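Here is the structure we will look at.
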Amino acid sequence: MSRVAIYPGSFDPITNGHVWIIKRGLDVFDRLIVAIARNVKKTSLFDLAERQDLIRQALDGDSRVEIVSFDGLLVDYARKRGAHVILRGLRAVADFEYEFQMANMNRKLAPEVETIFMMTGEEYFYVSSALVKEVAALGGDVEDLVPKCVVGPLKRKAGAA
Amino acid sequence: MSRVAIYPGSFDPITNGHVWIIKRGLDVFDRLIVAIARNVKKTSLFDLAERQDLIRQALDGDSRVEIVSFDGLLVDYARKRGAHVILRGLRAVADFEYEFQMANMNRKLAPEVETIFMMTGEEYFYVSSALVKEVAALGGDVEDLVPKCVVGPLKRKAGAA
Amino acid sequence: MSRVAIYPGSFDPITNGHVWIIKRGLDVFDRLIVAIARNVKKTSLFDLAERQDLIRQALDGDSRVEIVSFDGLLVDYARKRGAHVILRGLRAVADFEYEFQMANMNRKLAPEVETIFMMTGEEYFYVSSALVKEVAALGGDVEDLVPKCVVGPLKRKAGAA
Amino acid sequence: MSRVAIYPGSFDPITNGHVWIIKRGLDVFDRLIVAIARNVKKTSLFDLAERQDLIRQALDGDSRVEIVSFDGLLVDYARKRGAHVILRGLRAVADFEYEFQMANMNRKLAPEVETIFMMTGEEYFYVSSALVKEVAALGGDVEDLVPKCVVGPLKRKAGAA
Amino acid sequence: MSRVAIYPGSFDPITNGHVWIIKRGLDVFDRLIVAIARNVKKTSLFDLAERQDLIRQALDGDSRVEIVSFDGLLVDYARKRGAHVILRGLRAVADFEYEFQMANMNRKLAPEVETIFMMTGEEYFYVSSALVKEVAALGGDVEDLVPKCVVGPLKRKAGAA
Amino acid sequence: MSRVAIYPGSFDPITNGHVWIIKRGLDVFDRLIVAIARNVKKTSLFDLAERQDLIRQALDGDSRVEIVSFDGLLVDYARKRGAHVILRGLRAVADFEYEFQMANMNRKLAPEVETIFMMTGEEYFYVSSALVKEVAALGGDVEDLVPKCVVGPLKRKAGAA
């Protein structure tokens, strides 16, 4: 029986921190479902198709990873897919508080779905999508922070934003 | 002489966490003034009259609780009412930092008004108005998170939002 | 009916931070029971009688404050005294975590006893008994950190330690 | 291929918080190795054989769980057993900091071993072995905090301590 | 050779907390460059010229302080000025997390520029520009929170906002 | 006029984290006084002479660094040396709380001495003397965690401990 975990997020865009968690996650699980939350209210820099495409390029078509999008509750999507594990990366205390709240809420909504956490690698623990967009918008170098395939699109989009 | 405390908040809408603090607060104080902050800049899901009404229903007309709204500084309202105690619920570290800042500011503005804190019950410490609105908007079950009287209105309002 | 709260601690020795909480606590409660935890395992600088004596002097015989010692569980002592409120001072995040754990445990052990918290005044929020003993032992000036009556005994005891 | 995770700790004694993590961990992994750290410097209330025996009783002989003890580095033991995952429970911010440090150190020492975290259930997130021993020593009721089989031995040992 | 540090911020408006850090910073560095971040996206209460003017008045023309504005990355501005030190004030844990992230990002972007931190004085550690604007908007007294020259303009602007 | 900062600690033994702070500190200050706290109560793995010697070797005789030991209060030693700056490394939230308390206490004891903080490099932010001693005692590899000259002595001392 193969083990599947859902790795949810906005991925606007995917960063090296995300890639790190996905790679380590594949040491623990057989397959990962990278699930982009569709959120009509939140404005994103990259549209859904672009975000999916960048993830695909960044992961170089690893067949153990499925890239999807979902709306509604994450736990409802997990149930629909028959997945019992949500994977989340932890970076710092602020993350921890938010993740603690969400993990408890999700457990309340779907007790059979478990959230597990992995610590983001030390070289990426300060990297977030929001911060790389800010750096790119100000003309900073993001080459070590995001996958190669993201550098160009990020510079174009963020610079023009 | 009866002891009065002010329990301020947005209550948009009242949650089981709020109810928990109010009930425990009434073990410590004779009367509570539940004070809804009117904030013209912040958009709310429920209007002021609705929020007051839901609190009233949730507390089942407990005569020891007065439900009011105020604008301006909380400490000015406390002074006007002759109340010397502000009651706040604490949930997590993020809360603590914010509450710490506000308690110190309020102490600076009105040294004779004291802020006291109670820990939210373990079963509700991850429950906030913002989170229950988000869950309801995504079609999740909020029945254990808010008072019975809030469930229907919350589903209608948040779902339509 | 008068309101009583128990203010527990080691008070080895009483600091200005403790005095601050006691004074503010008396704005909220009619009477306070300052309760020194007897702990045979923990070595203290001042013995029980000395600690009680220093608290008494520091509070200048305020008749609203009763100074006692107890062993066993704090909540059992609270029950025996018919007190429904435990008062604790909060200083910082580290405090908060410990206090959060204790408040939850005490609530589990005695649901009818409530723990409430007050923020220590900004001028004392870094002052603990442990730290003032360390400063005194190294020859530092503790005059603004502890009540006048504690300065001499602390210098003698800590310096000799 | 079966998935194995190591769940290390002192288990002095096993609490309901530990049991909770083990049960949820078995929803994610096929087998768990509960690994008691032998630490000659740290004094324990229960000796190694007693701790192992209490874990066994608490888990009711679940054949998916192996109970062992180890000395030396945890990652060396993980390597020897061919386990690539360390499972840890998270309770609060203080935990988080310590676990963050240990996870990073273990990753440095053995990059192929991953640490994953699960949040302890809300009803046990304030329960630690140290705290239940303290409560038991003071005559408090520990029946909801530890497995049934631990209650008697804990009362006898801690009470006499 | 004179030591220069850059002290960046929004300064919308300058508070007593900022003044405190600047004064203490001048005990460590020969000169400070107070650098206002121009951010076209963030709406400010005071425009750039007003903010510069208020800082100038608050510091009473101290010739060791240069007041500038910059856009783009802070580290790029630091490089352009030949400054190797960024000075930041720390107030609380929430600050710390954010500052930790920014310090690491800036170190990545410009390894030769170092960020150093000073703790804001205890009497101002709860004072932020955002909070003083909120207090002023609600009619509260801000005289102890901001420099004298800021009180009038803040009341006019925030009251009208 | 040359700028001097005191960098105090136990240095039992010096780690790569300490070396990192010293090197970065020398980008900000002309000279550093590495000051080993003599603490007769705390048992150390390395004696004072050994600790000084290891620091000296690790810094390769950098003439801008003076290695000393002191007893009594740190701020008294700073005053005696005419140093106005204490330099401290920050690693994580737990550190921050402790450092916050000490910085405030030292400011109280010696207002003219300022404490400044630098963030430890990401690759060492989980490295402490206590942890490297623990790892070495359990036979773990410490070569990337401490200076080369410390590896052998640490293995011998900690292994035998």
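Letters A, B, C, D, E and F mark the chains as written, and numbering starts fresh at 1 in each.
Methods note: a residue touches a chain if its C-beta (ideal position, glycine included) is under 8 Å from a C-beta of that chain, and two chains touch if they have at least 3 such contacts.
Everything numeric here is computed off the predicted structure, so don't read it as measured data.
The minimum number of touch steps linking subunit B to subunit E comes to 1.
Number of steps on the shortest path from subunit C to subunit F, with steps defined by chain touch: 1. When the CA atoms of subunit A are superposed on subunit E, the rotation angle comes to 120 degrees, reported as a multiple of 5. Note on chain placement: the centre of subunit A and the centre of subunit B lie 34 Å apart, centres being C-alpha means. With centres set at the average Cα position, the gap from subunit C to subunit E is 38 Å. Inter-chain spacing, taken between the CA centroids of subunit B and subunit F, is 47 Å. Each of residues 93-94, 97, 100, 104, 122, 125-126 in subunit B touches at least two other chains. If you draw each protein chain as a dot and join the dots that touch, the picture is not a line, a loop, a star, or fully joined; it has some other shape. Chain pairs that touch one another are A-B, A-D, A-E, A-F, B-C, B-D, B-E, C-D, C-E, C-F, D-F, E-F. Interface of subunit E with subunit F (complex): residues 3, 24, 27-28, 84-85, 90, 93, 96-97, 100, 103-104, 107, 112, 114-119, 121-122. Interface of subunit A with subunit E (complex): residues 92-94, 125-128, 131, 135, 138-141, 144-145.
Of all the residues in subunit C, the ones that touch subunit E in their complex are 93, 122-123, 125-126.
In the complex of the two chains, the subunit A residues touching subunit B come out as 71-73, 75-76, 93-94, 97-98, 100-101, 104-105, 108-109.
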